[in-house]
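Next, two complexes with chain A in common: one pairs it with chain B, the other with chain C.
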Partner chain A sequence: MKQAAFLALLSHWRHRPLQLVTLILGITLATALWSGVQAINAEARASYARAASILEQNGLPQLLPRDGGSIPTAVFAKLRRAGWSVSPVIEGDYRFGPVRIRLIGVDPLTLPNEGPAFPISGSSEFVDFVHGGGQLVVSPATAVRLKDVAAMPLKVSGDIPDDAAFTDIGVADRLLNRRGALSRIVMAPEQRPDLPALETVAPELTRQSAGDRPDVARLTDSFHLNLTAFGFLAFVVGLFIVYSATGLAFEQRRATFRTLRSLGVSLRSLTAMLIIEITSFAFVSGLMGVVIGYFVASALLPGVAATLRGLYGASVPGALSLRPEWWLAGMAMAVAGTALSSVQSLWQVRRMPILTAAQPRAWARASATALQLQSLAGAILLGLAISMAWAGSGLASGFAVLGGLLLGSALLLPAFLSKSLQLAEGRSRKALTVWFWADTRLQLPGLSLALMALLLALAANIGVGTMVSSFRLTFLGWLDQRLAAELYVTARDEDEAARLRDWLPQHSNAVLPIWSIEGNILGDQLQIFGVADDSTYRDHWPLIGGTAGVWDRVAEGQGALVNEQLWRGKGVQPGQTITLPGEWPVAVVGVYSDYGNPRGQVIVGLDALVRHYPNVPKLRYGIRVDPAAAADLKRQIVQEFGLPGSNVVEQDSLKRQSRAVFEQTFAVTGALNVLTLAVAGFAMFASLLTLSGIRLPQLAPVWAMGLRRRDLALLEIARTLALWLATFVAAIPVGLALAWVLLAIVNVEAFGWKLPMTIFPADWLRLGAVALVAAVLSVLLPVRRLATVNPADLLRVFANER
Partner chain B sequence: MNARFAAVALAALSTVALGPAKTDAQGFAGLGSNAQGFAVPERGFTLSFPKDHGPHSGFRIEWWYVTANLQAEGGRRFGAQWTLFRSALAPGEGQGWSTPQIWIGHAAVTTAERHYVAERLGRGGVGQAGIVADPFEAWIDDWQMKAIGPAGNDQLGRIDLRASGKDFSYRMTLTANGPVVLQGDQGYSVKSSSGQASYYYSQPFYEVQGTITLDGEPVTVTGKAWLDREWSSQPLASNQTGWDWFSLHLASGEKLMAFRLRDTGGGFVSANWISADGRTNPLSSQDVLLEPLRTAQVNGRDIPVAWRVRIPSKGLDVTTRPLNDNAWMNTYTPYWEGPISFEGSMSGEGYLEMTGY
Partner chain C sequence: MTSMLLSLSKITKSYQTAEGPIQILKGIDLQLARTESVALTGESGSGKSTLLHLAGGLDRPDAGTIVVNGRDIGALDDSGRARYRRNEVGLVFQQFNLIPSLDVAANISFHAKLAGRFDPDWEHELMQQLGLSRLLARYPEQLSGGQQQRVAIGRTLAARPSLVLADEPTGNLDEATGDAVLDLMLSLSRSAGSALLLVTHSMRLADKLDRRVVLRGGRIVA
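For the complex of A and B:
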């Protein structure tokens, strides 16, 4: 009996395959986007953790110089001779031709056993590593890039992150020209108990305990939060689809339920059957969703990797590995989401009196009270969002504002549409028009979820699109200002740099050294640049705040400029004094914008930089020259010095590269936008399909009064378009508000810079057109059904029994 | 899978090391590999001190090797080892971190119940490890062997020795009551019939006073110690797989150094009978009979821990017994090194080192 009853329930889906497809597709899409995004996040996080453990040995406590400079080798020897179990590290960026690599020099002889597994083993590998010309241990991808440019043996290891190379400390010392200046010292976690105190042996060092989170993970948090928000948005939209599909299926099976109950199936077993049914669907679709999610993630990951590299310098491999955490999370989300969206329908089944007329009603019709409550909730959320935007701080608060804004607007949408329809109805004179508006309003409760989904997708598109376009405009303008020199030259060593310094002035209008060191400023490892006193900077460098005579004071060595990130992140104000490494107090005289850089930065006068840090590498130069002569000069430099062409870069190609990085950065955002919109379009389709099935009772009387089925179909299209238009109009202010939140709140928190907002109405039109196509597509199938509905079906509405 | 494992390599390249008994054409542990670029010991070269107490960076391998037989007041016996190996990846000093000189320290304390071992690694050129000949100081990390005698005397006449590891540490003063002894032919010690050799001298006449701390408990000890100094570039023939080496303090005040290098054939035996006043009497294969009596399972290998040593020309016929069968140096290059005592025609104590098992 139970089996027969269950088969009877299931037979519904055989008769309505499209509904089945909708339901499964809904769960699948929702799960796919969600788990795809999760997969990307999981991969990236795993990669940070790997990088941190291998590159920074962050599982081990470390000793760092108090003044942010370097540690003399003698201090290391002193610690060892005092019994400390410590190991030295020399690291820095090194350029092999055009390829820039993070070089990490370690001493395998003293590296603590407790640290990360070291990628060499065996005696001959050890000798290769330590001895002779040295060896670079790199990832497979880095090995490919270095193959022709590094004149050193490469050893490939899967444990090493991209764009980094492990090497012996002796090799790093030589390549980076450190002369024994150590970057840091790592400590074995267990030390002898009777050691002399650090303050006595090496008072110039300070201890940093193990397990501090890697910088890059902290930096990229915002980016991943962003992705998660996108994934969640898509998931919610997908759940709307599931909600309408299950609602319809339950509604249409009311007769079956009644029959089964009358035949003696208990309410409990009926409910159990339905739960088993829906859970199985959830499992199957969830599984499909996770699989599709894997492919979505694989397709997006290279873009994400490019973004992370471009924005944060974080290295994430472009290939995805299967991780149980997001498989499980994806399945759990699929089941939980399905349960959430079908709980209302299940509840109705339980409450249904056994012998009630199995009369279908518009299944999700909300009462006027419900609409009012929903609007009230929406208004409260909007109010909260506004007050948080006003008073809140921090990235979490930024996202709370985003959430409140989107959800509040979505909840207010039905009320907004209802009011608009009432308004239109009031202005109509013809009976058919009045019926049209009234009937549209009647459908609103059934469509409102799909329309809310559409609103969210449209608003997200407008908001994110506005942000990206604003960013692009600002960034490109800023690039033009910032990359003022026509040529950028990098010498291979200090001797060559000295010869360049002699040679270049006679062949160009100005030579601008670009020299920098890294050091600890206000607790972070930051870059300090020196700039020459040149009109290039005075005229072009984009300052967003400063005191009078900024450039004079910088040139005199009296003042420093900080970038926007440092200004916002550490609250460094012009007029304030900061201490640079080596106990060098300097007054902050201005703030400059520095897009595309996640870290703080300081600029001081070139002479002052060299005076305080005589060992600063003097390899890079910007060259001012007549733009027409730039290519010639490049040829000359290459010939004269035998420099590889890649060491002399023209402004054009640098800008091109920067733009390419930028475009890649937002490629993922664009892809996610399109996917979200697609899901929203599908939600619309699912809702219209649902409604078309249950609306015959409302249409039959109109048909009976003489309206042709074709006209009914046309009115259906007009209705969809009207709703689409109203939703789109509502989406514009919501989208702009979203863009503002992204630019003025989230961006500042996430990246440390603020962007001017620019509005791009042409983009909205394009988006509107896409959404229009989606709306028309979604209504086509239901309309075709309506236009060809069998008159007998319409007549049956008037029969007693249906 | 660890760097340290690799570092063993060093030890392997360098010294005492005994890799697996199966060896290829480089002898065991690479010690038979050829000496390209490195200096080679030459017969007739005159060692001069204190200069030759210091390192010889032109040679591939070198060691400063102290073993001590000690006793606490109640009669409890101990063995102690302090070794610093130098292993060069290339000849010469090099600069700073780029030096090819690798240093390896081994320290051990042996009791009848337990064998304590520690190992330290470091490279030369940066101050972490090294040797200064005058005033003599050898160190790696906080381990050291340092001259404390009055300046001008023999640098090794009186030295301070200290080392520590997990659960143990020691500090002792070694005072020589006899001269430095040149092994082989005036310090030129032949290691195979095909002519491999090393420079080798010893100071076997140390009296020891010091403190050993085991698991936090200090014990005052006295006894005898023996210092070996040896350097070379290719000390073994390519078919030699390991060695058994004895240093014996005879109750008469005489000393005996004897070793057997094992190879695919009959092996190569050499010894030196040292009189109580330091005169040497080199002995050859015909004079010395070394015969394993008992093997023990140590770390999964069969190690001959008891021996019969006979030198008929000196009337010596003794049986040696280890203080602890398990004197296994579980270092990156593992070997057996422990205190022994012997009885028979004469009695006394000493040290036994066995490599390549």
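For the complex of A and C:
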């Protein structure tokens, strides 16, 4: 009997295959986008952990200089003599021509065995590694990039992250010009018990425990939170489709439920059958969703990798691994999401009296009270969002504001549309127009979920689009200021750099050294740049604020500039004194904008930089020359010094590269925007299709009174477009508010910089056109059905008999 | 013949079913004079509603002609039949078929406005006669069955159609309410100058009309 009853329940889907497709696609899309985003996040995080484990040996405790500078070799020697099992590391950024990599010099003799397996095995490999000429151990991708520019043997290892190279500590010392100054010291976790205390042997060092989260993982948290938010948005929109489809399927089967129960199927059995049915659908669709999610993630990952590299300098491989936990999580989300979307319908089945009459439209007819409650909840959420925007702080608070704003607006949308339609109805005089608006209002409960999804997708598009476009405008303006020199030259070594310094002044208007070192400032590893006293900086450098005579004080070595990230992140104010590595106290005299850089940065006078850090690499130079003569000078430099063309870059080329990096950075955001809009378009299609099945009784009387099916079909299109237009209009202020939250709260917390907001109405029109096409596509099939409906079907509405 | 409002001649109609075609009407001939009221009676399945739908331009006959006001409506295309329904016919159904999104006042004036014959005085009089004056702001779902049928009659007669076609308009009402509704409909149809073709099972109600036609097995037998 149970089998027969179950088959009777399932027979519903055989008669309504399109409804089944809608349900399956709803779950599949929701799962696909969610699990796709999670796959990207998991891959990136695994990559950070792997990189940290290899590059920073963060599985081992470490010793770092208290003053943020470097560690003299003598301190290391003292520790070894005292019996401590420690190993030295020298690291820093190094340029092989145009390729910049992280160079890590280690001592394989003393490296603790407990750390990550070092990719050197066997005596011959060991000899090659420590050989005086040097050897670089790099990833396959880095090997390709270094092939023609590094005059050193390369060994390829799959364990090494991209853009990094391991080498012998002696080689690193020579290349980075450290003269024995160590960056850090790695400790074996097991040490002899009778050792003298570290504080006694090396009081200038501080100990960092093993297992700290890698810096890059902390830095990229906000980015991954952003991705998760997008994935979740798409998931919620997908669940709207599932909710709508299951609600209708349950309502349409009320008569079947009644019959089955009358025939002796218990409520418990009926509920169990429905749960089995919906779980099976969730399982199958979830599986499809996870597979599609894998392909979505594979397609998006190269873009995400480029974004992470552009924004944070984080290296993530462009290929995706299959992780069992991700499969399981995707399936769990599919089943949990479907259960959540179906729980209300299941509850109604449990409470339904056996003899209750079928109400085919009850599922879609939200009562006035429900609408009021929904609006109240929306208003409260908006109120909370505004309060948090005003009083809250931190990234979590920023995302809470975003959530409150989006959800609150979506909940308020049906009430807004209802009022607008009421207003339009009140102002109409013609009978058909009055009916049009009144009938549209009647459809609203059935369409409201899809319209809410559309609002979310449109607002996200407008908000993120405004943020990206504002960023682009500001960034390009900033780039023009920042890249003022006409040529940028990178010497291959210090000797060549010295010759360039002699040669360049006779052939240019000004030579601007771009010299920097890294050091610990206020607890973080930051860059310190030196700038020459030149009008280029005074005229062009984008200052946000500063004290009087900023550039004079910098040139005199009495002041430092900090970037916006350091100013906001660490609260460093002009007038305050900060301590640079090597116990160098310097007064902050100004703040400059530094978009695209995830870290803090300090600028000091060039002479002061060299005085305090005589070993600073002196390889890079900006050259001021008449723009018309730049190409000729580049040719001369290449000829004179035999430099590869890639070591002499013109301003235009550099700007072009920067713009390309910028566009790539937001390519993923654009792709996710499109996907979310596509899911919302499908939600609209599913709702319209659902409604079209129950529209005939509402439309047949109007047809009987003299309207053609074609007229009714055109009115249905007009109705969809009217609702789309109203939703689009509502989405504009929500999107702009979203953009403001992103620019003024989330970006400041996540990246450390604040951007002016610019409005781009042409972008809205473009988005509106895309959404319009989606709306028209979504209504085409239901309207075609109506336009070609058999008159016999319309007659059936009136017929008592034949 | 030309004085007849409605003239059906040799009408046949069949429907396709899973078991094959079923012939519902087998050569119907029927005339209706202006302002005449005719009751169409017969057993379930005898083709009463089908005949009404054909006369109302909701469906097309397989063969035969339907002439209304001297024009063959069977020859009209989709737009022509829509115009015919809008301008010349009023339909009243057992299920009322009101427009759920419009209130009583808007429902009553809807057809008249579509037909371009909205007359506020006539509508006012209809509402008074139908006892709907206090219900104008209500929506169909807030009305009883009898009230809904009165609204449906009001909607039809407000447009002053030359032909009113009613398919068991009292079928969902109790006897007393049904009698009252039919009396109103007859009286108002006369006031509007409309002819009435009414489908009913009830001989008692049929006797209230000018003439009775009995349908059996797709043919007129009396």
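Convention: the second predicted complex is superposed on the first by the 793 of 802 C-alpha atoms of A that agree within 3 Å, B and C clash if a C-alpha of one lies under 4 Å from a C-alpha of the other, contacts with A are read in each partner's own complex, and residues count from 1 in each chain.
Keep in mind that, in the parts below, a contact is a pair of C-beta atoms (placed from the backbone, for glycine too) under 8 Å apart; a residue touches a chain by one contact, two chains touch by 3 or more.
Note that the structure is predicted; figures quoted are calculated from it, not measured.
Visitor: Could you tell me if A:108 is touching chain B, chain C, both of them or neither one (first, second, both, neither)?
Guide: A:108: touches chain B, not chain C.
Visitor: Quick one: classify A:10 as touching chain B (first), chain C (second), both or neither.
Guide: The answer is neither, since A:10 touches no partner chain.
Visitor: Classify the contacts of A:674 with the two partner chains as first (chain B alone), second (chain C alone), both, or neither.
Guide: neither
Visitor: Contacts for A:125 in the overlay, against chain B (first) and chain C (second): which applies, first, second, both or neither?
Guide: It touches chain B, and chain C stays clear.
Visitor: A:74 in the overlay: touching chain B, chain C, both, or neither? Say first, second, both or neither.
Guide: A:74 sits against chain B, while chain C stays out of touch.
Visitor: Using the superposition on chain A described above, determine whether A:698 touches chain B (first), chain C (second), both, or neither.
Guide: Second partner only.
Visitor: Based on the superposed arrangement, let me know which partner A:340 touches: chain B (first), chain C (second), both, or neither?
Guide: A:340 sits against neither chain B nor chain C.
Visitor: Looking at the overlay, what does A:709 touch: chain B (first), chain C (second), both, or neither?
Guide: second
Visitor: Show me the residue ranges of chain A that touch chain B in the complex, using the header's touch definition.
Guide: 73-74, 76-78, 80-83, 90, 105-111, 113, 117-118, 120-127, 129-132, 168-171, 173-174, 179-180, 192
Visitor: Which residues of chain A touch chain C in the complex?
Guide: So the residues of chain A touching chain C come out as 430-432, 434-435, 438-439, 441-442, 697-698, 700-711, 791-792, 794-795, 797-802.
Visitor: Given the complex with chain A, which residues does chain C contribute to the contact?
Guide: For this pair, the touching residues of chain C are 15, 24, 44-45, 47-50, 53, 56, 58-59, 78-79, 82-87, 91, 93-95, 97-102, 106, 109-111, 113-115, 118, 167-168, 171.
Visitor: What residues on chain B touch chain A, complex-wise?
Guide: So the residues of chain B touching chain A come out as 1-10, 12-13, 30, 89-90, 96-100, 102, 121-123, 126-128, 139, 141-142, 164.
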